[in-house]
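One chain, chain A, appears in both complexes that follow, with chain B as partner in the first and chain C in the second.
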Partner chain A sequence: MARFRIRSWGSDTPSMSGILWKLGVLGVVDAVATTMIMVLLGQGRYWIAALSIAVLLIVNWIYLRKGGLPAKYLAPGVIFLLIFQVYVLLFSGYTAFTNYGSAHNGDKSLAVQTIQNAAYRTLDGEDYSVALVKADATGHEALLLTSNLDQRVYVGENGQLAVEIPAGSYTLSPKCADPYAEDVTTCMHAAEKAVGYSAVTVDSLSPSQKLSYTSLRVATDLADPTVGIKTADFSTALQVQATLAYDDKTGFFTAIADDDYGNYVKGDVFKPSSDGYFHINGDVNSAKLDGGWRVEVGFANFQTIFTDVQLRAPLIKVITWTFVFAFLTVLTTFILGLLIAFLFNHEKLRGKKIYRAVMILPYAFPGFLSAYVWVGLLNRENGFINTVILGQTPGNEGNFPWLLEENPARLAVLLVNLWLGFPYMFLITTGALQSIPPELNEAAEIDGASGWQNFRLIKLPLLLISIAPLLISSFAYNFNNFSIIYLLTKGGPNDSGVTDYDVGGTDILITFVYKIAFSGTGQNYGLASAFSILIFFVIATISLISFRRTKAFEEIL
Partner chain B sequence: MKTTAKRVVGILAALTVVGSGITLATPASAVSTLIVWADKGTIDTIQAQVKKWDDANADYSVSLVQKDFGTVRDALKVAVPKGQGPDILAGAAHDWIGNLVASNVLLPIDSQLPSNFKDDFVPGALQAMKYNGHYYGVPGWTENIAMLRNVKKAPKPLKSVNDIKDGELGINYSATTSDPYHFYPFQTMFDAPVFKTDSKGDWTNTVGMGGTNGGNFAKWLKLKGTKFFGPPANANILCDFLNPVNKAKKTGMVKYWVTGAWNINAIEAGAGNCKKGLEIGTGYAIDPFPTGPTGLKAKQFLGIRGYLMVASGPGNTTNVPAASLLMRYMSSETAQFSLYDNYNKTPANAAALNRAKDNPVIAGFADAANTVPMPNSPAMDATWVIWGKAQTRIIQGKEAKPDVAWANMVKALQKTIDKVK
Partner chain C sequence: MTYVPSKRKFNFARWFLRTGWRHLLGLAVCVFAVFPILYILSTSLYPNNDINNTTALFTAFSPQNYIELFAQETRPFARWYTNTVYIGIVTSVGSVFLSALAAYAFSRLRFKGRRGGLLSLILMQMFPSILGLVAVFSLLSDFGQVFPIIGLNSQLGLILVYMGGALGAGTYLMYGFFNTVPKEIDEAATIDGASHARIFFSIILRLVAPVLAVQMLLSYIGVTSDYVLASILLSDPNQLTLATGLQQFINDPYSKDWSMFAAGAVLSALPSLVLFLFLQKYITSGLTGGAVKG
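And then the complex of A and B:
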């Protein structure tokens, strides 16, 4: 027998091949992780890179050192737990206290960038075709401008007025000024170089040189530094006027021209406000600039949940239905599963194994597949249920509206979930039934108990001891049973009158939260996270109370 | 001693693997890549023209990345703050602009648009790319709906909506959120525009479909109901439009169909179990909408699919000049005529549209158009569901007082919009 003994994994003298395997795997892990870290460093994401380096060092230390066996087993699991559970939990916890959402989807620098990008307006007047040039004498960058209006040619350096170049002192490009002109024989040609200025090709420029050309402003009025001719694409230049100036030191925007839409006037100062926007003087009730960022808003999201009048009616409806749905699902699946388990547990029944295998089939098919099949079966006009089982006319819109009206849709959801859920209950009750000692049954019969008494007073309490925790977990699972609702009805039918929120007749809390977070007009991750935290507390409370109470069953034995 | 040697060997082996990892990570090419996000249909449509531009501009290589049309906006809002967005969003619906601007993801291109370029487009098309005083993209192609007519069943164009009998109209709408886009021509027959307009004719954020006019429209919707508009989510419209009338079986009743160019292929090809397709002129015609019950003219939404300039994240604008050139090319007569020629897209470029008007379908939809650009403010995005929900309830006869329900909807809508704005 000793020949077949398996070598202990924790033995102090590992084999050579074991070490090589370990080092090989570790080497691959190190290689992948190092590549990842290099990419992260290349993208300038230093914090994540530092964290990855730390994790990598710890992993290497754990596996290269002698001893410390538990850590070797636990390390991968713990790392994945930290990344996929703990981090996610902490992040959604944090998000619940922010206004993270579609209009507040980045940090403040992104918002400042957005506002700066749009902080100009184009002025009526001439526009120009542009060539980039460099002054031969000084090396200064300059724009060679050919008017699209009268084809006169000017040259201008940063902050200087444009100077007209007389005909003969410039060379026209052989190409059309409009690169995509249909008619190349009559198209306009722009100047490409001039006496004293040599041409610069765009392709030869480095990013910083490009930036310096795009920020070059040819003055049109030396007294007014806010207006000028600029190019953004190196082929067209227009007269633009800056409308807002950003001060890096104070972090404020100042209006340097009146707004076209009358939202602000020259001299208004926009300060960052608590709602994640720039408002005049930081007053959240005054005009704001388009471009928001993510800020912490304290308990505002939770306040919305409890005080928003528009949210109240749909929320009460959704919560009620969530409880009804979860409770009825557990009840119906349990009763059906129990009945079938009893039936197939009967000693005299033949072919039990085949019946049992068939009964498990709904559970064995992927739930997503079943749900989609059910959507087809429940179709109002042509579905199998209506046209064959209920014998209604195919194609008739007066047929039973399974998924199209609120109460029928709720019934449909419960029925489909019963179909998907009873095999699980059948399985666990069968297992539990078989573990009840047959002597108890015999004893009850000898004592003269009827079948019903036997079931109600002996078998059911014994069953519940082992099954009650599973019923509770089934309740918690169905409380958040996103897939069945989303695949069958998407929470619809959306026929519940008028509210600000997109809520349907079969929406349970989790699908409602999904809609708030990801669909519709504006994503609101903050509010959705706040909701998920509340859902967590609801489920935790229910589970806690239920587990406490199920201890009562144990006292029967 | 032996173990130490083993360890050294092992660590060296590990380091070798690490080394090869580092070599793999170094970038290989110096050509800048322009990244364009687009949905499947758009990619099929534009890729030949994009390749043409790509081949002519050796310093750039364009990479078309396929995204889902329904979720590309959400993806953009996540990617841009991380600096992982594309340079251009192609095939974007123009009514997305306001929402995307509010989410910090678009870059204005006003200074890339010379005045003569602005005249290149059909009226309203470039204007539709403008939001809050800035242009954010260029138009690619236009879409509008018209009244299609089966010539054999109805030889003459309609004059008034009153001439349509129950069952003769086909219109696509959902059982829960209706389809305010397809119903808009009927709504404008009552002079109830979605938003009010300002003195310049630009849309404001004030809902304009309330008041008596909106109430009258609501009453008319209830009066006509599903007898007139047909059942919601009706998959048989195509067959009923193509097939000859069969009164006994109640099939083929549809004479008029409110739809757009996207159904023309199906009409001309016919489908599955219905009769063979129809040809324009002899089989079907594209008509303007009839006048309303009180003689008012109907208006449709003009939808524009275009190319939007994406802000590539803080400080990164090096690709803007090239992206701008590519966008200019895609808006040129050459490119837009080619999209029409190969994919039946109605050009937004006026010169290309003129050339395309040889095609009776393009000409039909263009001539049937009495359009207003669909509003592109974030407010518009908030509108559809609330608007459509009320509409569908009224059509299905679930509101005893349709005008009151409509007024409530307008109130709720205004509140939502004020929140979005």
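And then the complex of A and C:
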């Protein structure tokens, strides 16, 4: 603060309007934050509420006290960074050491509920069309059942016998209950509303509410709680018998009937195991129940990355292509950009401005649109490239398979990326060329250097020195260039089932990781996060090299 | 350069070797650069009832595709457009303002943890944002359980995520620009009795206003081009942005949808193209972050 000592005889007292502004903004922030804290308290989220109160107090202290100037400028940004970057980083870091994913989605109680929900066998008997409702009086969830046998309508709540509703107290759906019925006039209709119950649409339900409806069992025999009527698909309900019983005290599942699919037999006992699943007698090598919970798994995800045989072949392929893709992209865009920059670095060329304006167009065209446009251009049967530029027959399935086979797709990705990237290279090489002192050029000419020698021995080395950091960051950018790959090919064309992993011919590391986390059936956030951390280190290393060549670090360190 | 007498007879071979080939190559590259854009413009103007292929560009001109595009009830293009502009403007203004505040502190004030702060900014922006998707998704879904207005499927939530993501890089860039404003200016202002807030808002921000504008523009373009975050966080058709919405048209190239997509693409690209052409020079300097003087 030494250099600001000067203000002690300047004006430490801000103007009146300044104070009013400050108090006004702070007042609005306080009001909004207090409301939010009230809501949090109302919902019983005490920890978050306490944290919010602490943050609010700190913010007020920062802005109301005298001095502490840096904090006043940094506070808003820091709060944002803490929530959206630091938290995100820590969460990803933590997730890398867990088995979080679609198979291990929540805590153990959720897993128990999911398992109970799925553990049943279908009994022969009456089946029903179903509508989801809520009892107006109690707010209890209930199923409105229309018998497919005689069209009588019942309503049932969890654990209670179904009650028949007299005709006139329910409304039939205008739609056919059986979508395949040929004659609409004679087809069966299902009840969708009943007096005293309000209808619930499936689309409006959150996942946990859906789980709650699928867990609902309408009793058919009060003496035997293992049998009942349940719906799994929200349109039909069947008579079922539970095959597993959960004991709250011991925390074990016991099979009370054989599983229809032969996964377990009556009498098997499943105990929670360290891998986040219920296994027979807790032995992780024995059969398990589908539906796990999130547990910490140490370095298992990293171990998978480095040792899993299923992963090895696709991973090596993806990594190789990632480097090839990033390197070739930088190389091709740089060569074309450099070529044009040299071309135009010529005083007498007319129309330079027009050329420049046209060439910058691909860069100005929004990136996502470029990808979509190229998808159309490269279409196999009717694409402009095939039918007009290459002169192939429109509509012919034997045309060049740009995005449909591995090597053509890779070529296409590089071509599109060249189109997208060369204007940038053109702009930066032009800038760098113009900053080379003209005396060097003249000196070389006097010494009798040919044009090519002048270029290769003088201009190019000078140019490379100034734009090397930009080339490196371009490499780092393309290393993670998710959108061009994903929007153009979605990483495809897909390899046909050689491994468990969803991997395609143009997948780079980041799209591959994205697929591990978000696509297909086995979404594995833990493994994807472990990959993220490794990619982070690769990019950090590349960037560090780049920074060390520039002054960026000298300024700070 | 060598002296060329003004009245010499025109020699084609000589001209070609000196400048002609440059025009030839320049034209070739221009064709490469512009044909996809001309193609989409041409497609958007081709009245398309049962189109299979257009083998020549600009054979017909009709506003039909544009009219049909705005008539789509399930795919509200006009809504997507305003959503995109709204999200883009709020995000770019907000993130540039927050970055400027932080950058001012880093550039002008000396405090404990300054170096550490700058270093962590650099490190944080190296983390690929796509890989934080799981965390961002679960964060917003938690928000949404208490405050639906900033939860999943809310534009405000998306804006907050964008702003949080842009802050690191933005602050670092802005820090570089603030350093180029001489410190003597603030010192003189201090002597004249200006408060720190006054120095920041009325002097520094005004001096770097062109840089702020370019940063806002780049941030706007970046945000409005984003596909991934928007596609994961927004789901209601009325909430979508252009990047996520227009994708619904491209599943079947060379169908009727494709022509409407072309019209939508032209309209979506227009602001960005115009801005770029007019602000070329400033954008170039903003891009290279001062590493190369353009």
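The rule is short, and it goes like this: the second predicted complex is superposed on the first by the 357 of 557 C-alpha atoms of A that agree within 3 Å, B and C clash if a C-alpha of one lies under 4 Å from a C-alpha of the other, contacts with A are read in each partner's own complex, and residues count from 1 in each chain.
Here, a contact is a pair of C-beta atoms (placed from the backbone, for glycine too) under 8 Å apart; a residue touches a chain by one contact, two chains touch by 3 or more.
All figures in this text were calculated on a predicted structure; none of them were measured in a lab.
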Which of chain B and chain C A:Tyr120 touches, first, second, both or neither: first
Which of chain B and chain C A:Gly24 touches, first, second, both or neither: first
Partner chain(s) touched by A:Ser474 [first = chain B, second = chain C, both, neither]: neither
Partner chain in contact with A:Val240 - chain B first, chain C second, else both or neither: first
First (chain B), second (chain C), both or neither touched by A:Leu404: first
Partner, of chain C and chain B, that touches more residues belonging to chain A: C
Partner chain in contact with A:Val39 - chain B first, chain C second, else both or neither: both
Chain B versus chain C as contact partner of A:Phe518, first or second or both or neither: both
Chain C-contacting residues of chain A that also contact chain B: 22, 39, 43, 395, 518
Touching residues (chain side chain A, partner chain C) in the complex: 1-4, 6-7, 10-15, 18, 22, 36, 39-40, 43, 45, 69-70, 73-74, 76-78, 80-81, 83-89, 91-92, 95, 100, 336, 339-340, 343-344, 346-349, 351, 355-370, 372-377, 379, 381-384, 387-388, 394-395, 419, 422-424, 427-428, 430-432, 434-435, 466-467, 469-470, 480, 482-483, 486-487, 510, 513-514, 517-518, 525, 528-529, 531-532, 535-536, 539-540, 543, 547, 550, 552, 555-557
List of chain A residues in touch with chain B within their complex: 16, 19-20, 22-24, 26-28, 30-32, 34-35, 38-39, 42-43, 64, 102-103, 105-107, 109-111, 113-114, 117-118, 120-122, 127-129, 148, 178-180, 182, 202-203, 207, 210-211, 214, 230-238, 240, 260-261, 290-292, 310, 395, 397, 404, 492-495, 497-500, 502, 504, 518, 520-523
In the complex with chain A, residue positions of chain B that touch it: 6-7, 10-11, 13-18, 20-22, 24-25, 59, 74, 77-78, 80-81, 83, 99, 101-104, 107-117, 132-134, 175-177, 226, 231, 236, 311, 313-315, 317-318, 320-321, 324-325, 328-329, 332-335, 351, 378, 381-382, 385-386, 389-390, 392-393, 398, 405, 408-409, 412, 415-416, 419-420
Interfacial residue positions of chain C with respect to chain A in the complex: 1, 18-19, 22-23, 25-26, 29-30, 32-34, 36-37, 39-40, 43, 52-53, 55-56, 98-99, 101-102, 104-105, 109-111, 114-115, 117-119, 122-124, 126-128, 130-136, 138-139, 146-147, 160-161, 163-165, 167-168, 171, 179, 187, 190-198, 200, 221, 224-228, 232, 243, 246-247, 250, 253-254, 258, 261, 265, 268-269, 272-273, 275-277, 280, 284, 287-288, 291-294
